[in-house]
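Starting off with a structure, shown below.
Chain IDs A, B and C follow the sequence of writing; residue 1 opens each chain.
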């Protein structure tokens, strides 16, 4: 323990000195927080200023749609659908993996796996995309075919199944795998920070391991889990290259997860259309970026509200 | 005591890491060659500096060869080319961000006037890269496929959905065509390749392909894949697929022979060059333009009509005389026999004919004068 | 690694009060009074209670119910009956320690049988086997033990299957990158740039330099800002309005699409340096926009977990708040912070889209962050794959090689970070 006494104590007029140090330190943390404010404001101003002309764009720059909303809606739909699938898959998996690492696995294995999973956050998004398009997609083709044959009555699996596996479900899976390391790493760290005494108390009362986790670990880490999932969501919503590479993207609204005609996402659409966009077309794309920004804002806001409500009365 | 030691170690480690990073030296193949940022020492060539271009990704392979050739001859020069796409290239060129740009599609009136303003005169437009677009397919048991324009349009428009459709069987009586769905793969991104391909469909079968000449795929049929390599891998990974991609990237995939007049012609550089020869010049591109309205519906024997032409944009004059020299030198190399051969080797493009080279030389001579 | 943390596994096991063991260690059989004097836990006949370890664990299931369900159930009832008088049993019946193994074998066999007879693939086989296991073991536990234990076993199974499922794509991905990237590795690959290289050969030296410089600068920009903001949020502003606003804005910031960050940096630098600006530093700024929220979020969570008792103890000693933070709070949370920062670095090191926009692409080495284009590994991988040249295989090979190199670089950074974290973390008395 690095007790403060081991370092040279402050010179005699401790009171005055202390206050200066505190003021400086506090000030610098506030400046840092202020920088975030400025950066975010900068991004927001940039997006808004560049995005506004899109509202007046004509059909030529909106792929034939008459209004910007009509243009952006299918993309928004695709973005939300892909992110939803990704989180649906990634969250339970990530919590499971994090629990396995923090509470189930032998320490040596846990360390190793934790390390490997951290590394997967470093795999370039391009590589996820290439892997998704060249390995995962083709491997999933039989599954998609099976789904569309046997569960085709559900709109989700209406098909016809894609011949190359470049479907919404593949994109969701790739996003889930991309979000997994982030969610896992943070959850793992939080789970392992649960006060040991709480855990032992639960066990001593005769709780099974799962009951201990449910009663001691989860309440303690709820806010952290939500933060982790939000970070994962951020990645899933904003992921550009991987989706662009994996998805057979169209600007449509479709619930079909296994067909090759899949709704595109905002970020992927920006990446695909930006190089050839000129004039107002660029503004249109940036405006879709603004939409994504606002959506993330809304999703985060509601998630925070929910957590705040459920945490009321829960003493840390 | 221990804490102070540790505290001292922290900045020490940081400094160490930083110094390691900073003292790192130049790449092995660049030593004695030049420094990359281009303060260039005298190595026989009078040219030095950095030349930046951006634009069509279709030219990237050829551009790689040109850059290498030009930099080897002028060791003080660094040429960069961002394959950001034609639109981005034009935009950056017009805003003065790059000295030259590559573009698959010609400038519209607005861009032309903006470019003329930036350059002080009409921009120089040279067809730098002419390459056939192959129609690639992956069908089990079929390695020879002949299609006419209308059938091709039907496949991509979604009107022909089975490989054993009578229209396909008609031109391939001997092929063992399966009773399987056609997966038609197209570019997901806005691209010059799509533009040229749909221009061909529009020219030969306007009643089947009713969507005109567009850069972005207009209909929700088939599957979408990004970039040329994306289309190629989608066709390769899928079953009973067909797509279109720059012929140089088609690899081992089957390539459709397209009906021209009475014959069926496969993609080749010579066949592509032939189309350019018989094509008229495009109107309204300014006085320094060598732009062509490709004759997609040609019946010329031996010509392959699905061709991508990519152009280079440059200015007559630059604010910086050194940059003008660089652009001039680079373009001169580019259209020289050596440069054309390098591109043909590296990218499978069709070398320009002598007449075209002569005309281009005339335009390039104007730079910096 | 908080100083108050005690590892269960390292504690000496003395009596029977040891908490739940991994399933492999779970003892079989019922313990009767007398296994240890002074039983600390008065487990009622209906609770599972902590199981026994040590000498008991090695004993074969003498009185234990046979592995078949009904028998076990009977045994349990008998035990319950005997619990009230005479030989009081403090433990409910447990499944034998080899029960999971047996169930796994049976499940595998069932899966294999089905797969063989119906001609399924490997995936279907694995899925079916796992499902059989996930149903059978809890069911068995339900019959022999009780509902709570069954739920526990079910969750254990689910946790481990989540683990296994997560590993499949990760292993596949890693294998893909390693098997495709490793052949590209050579001395030339790491010491050459792509300058004047057409076709075969060339290397990624310029991209490595670019990635290190740009990511390093991004880290230099982001870590202080992120960490200080996290400190502000946790230590100074907690619960107050400005902190709540900042907190929320950080959440919003995590949602900035990477390409938008690039466009933003590009627009920002265009204002100062004119149109068409390309510089590595711009890339660092774009990456910082993506990195800061990750740093803030992970640091904040870690700081929050530092027990208040530590801070209070420090204040009680008259230590000013800033020294408390620097000397007590930060070191306590160090391991978590390092993990978070490394995660953030890893997250942005692989970012492609913003660097395409602002850092551009070049074939040559550029050591200057503040002038001209700079190649980075993800951009290199992207362009090499997308425009591989003719013939394509060399470019594609270089692309995978670059991706593998990037992963290796981040891996070594990660190792270094953990090492430093361990070095600077407080001794935890273990």
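By definition in this document, a residue touches a chain if its C-beta (ideal position, glycine included) is under 8 Å from a C-beta of that chain, and two chains touch if they have at least 3 such contacts.
Bear in mind the structure is a predicted one, so any value in this text is a computation, not a measurement.
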Top chain pair, ranked by number of contacting C-beta pairs: A-C
Chain whose averaged C-alpha position falls nearest the assembly-wide average: A
Per Cα centroids, the chain farthest from subunit C: B
Averaged-CA centre spacing for the pair subunit C and subunit B, given as whole angstrom: 43
Distance from the mean Cα position of subunit C to that of subunit A, given in whole angstrom: 15
Euclidean distance of C-alpha centroids - subunit A vs subunit B, Å: 35
Subunit B: positions in contact with at least two other chains: 57, 84, 230
Shared interface positions of subunit A, touching two or more other chains: 2, 7, 134, 271, 274
Sequence positions of subunit C contacting 2 or more other chains: 385
Of all residues in subunit B, those that touch subunit C in their complex: 6, 9-10, 13, 21-22, 24, 26-30, 33, 36-38, 50, 52, 57, 60-61, 64-65, 67-68, 71-72, 78, 80-84, 92, 95-98, 227-230, 248-249, 251, 342, 345-348
Complex contact set, residues of subunit B against subunit A: 1-4, 57, 84-88, 90-91, 110-111, 181, 183, 185, 188-192, 215-216, 218, 220-226, 230, 233-234, 237-241
Subunit B-touching residues of subunit C, taken from the complex the two chains share: 188, 191-193, 195-199, 202-203, 205-206, 209, 212-213, 216, 274-278, 356, 360-368, 371-373, 383, 385-392, 420, 423-424
Parts of subunit A lying in touch with subunit B, wherever the complex brings them together: 2, 6-7, 63-64, 133-134, 137-138, 160, 162-166, 244-245, 247-252, 260-261, 264, 271-279, 281-282
Residue ranges of subunit A in contact with subunit C within the complex: 1-5, 7, 10, 14, 18-19, 21-22, 24-26, 28-33, 35-37, 39-40, 42-43, 46-47, 50, 92-97, 99-100, 104-107, 113, 115-128, 130-131, 134-136, 142-143, 173, 177, 180-182, 184-186, 189-190, 192-193, 195-196, 199-200, 203-204, 206, 208-213, 223-224, 227-228, 230-231, 233-235, 237-241, 266-267, 270-271, 274, 286, 289, 292-293, 295-297, 299-301, 303-304
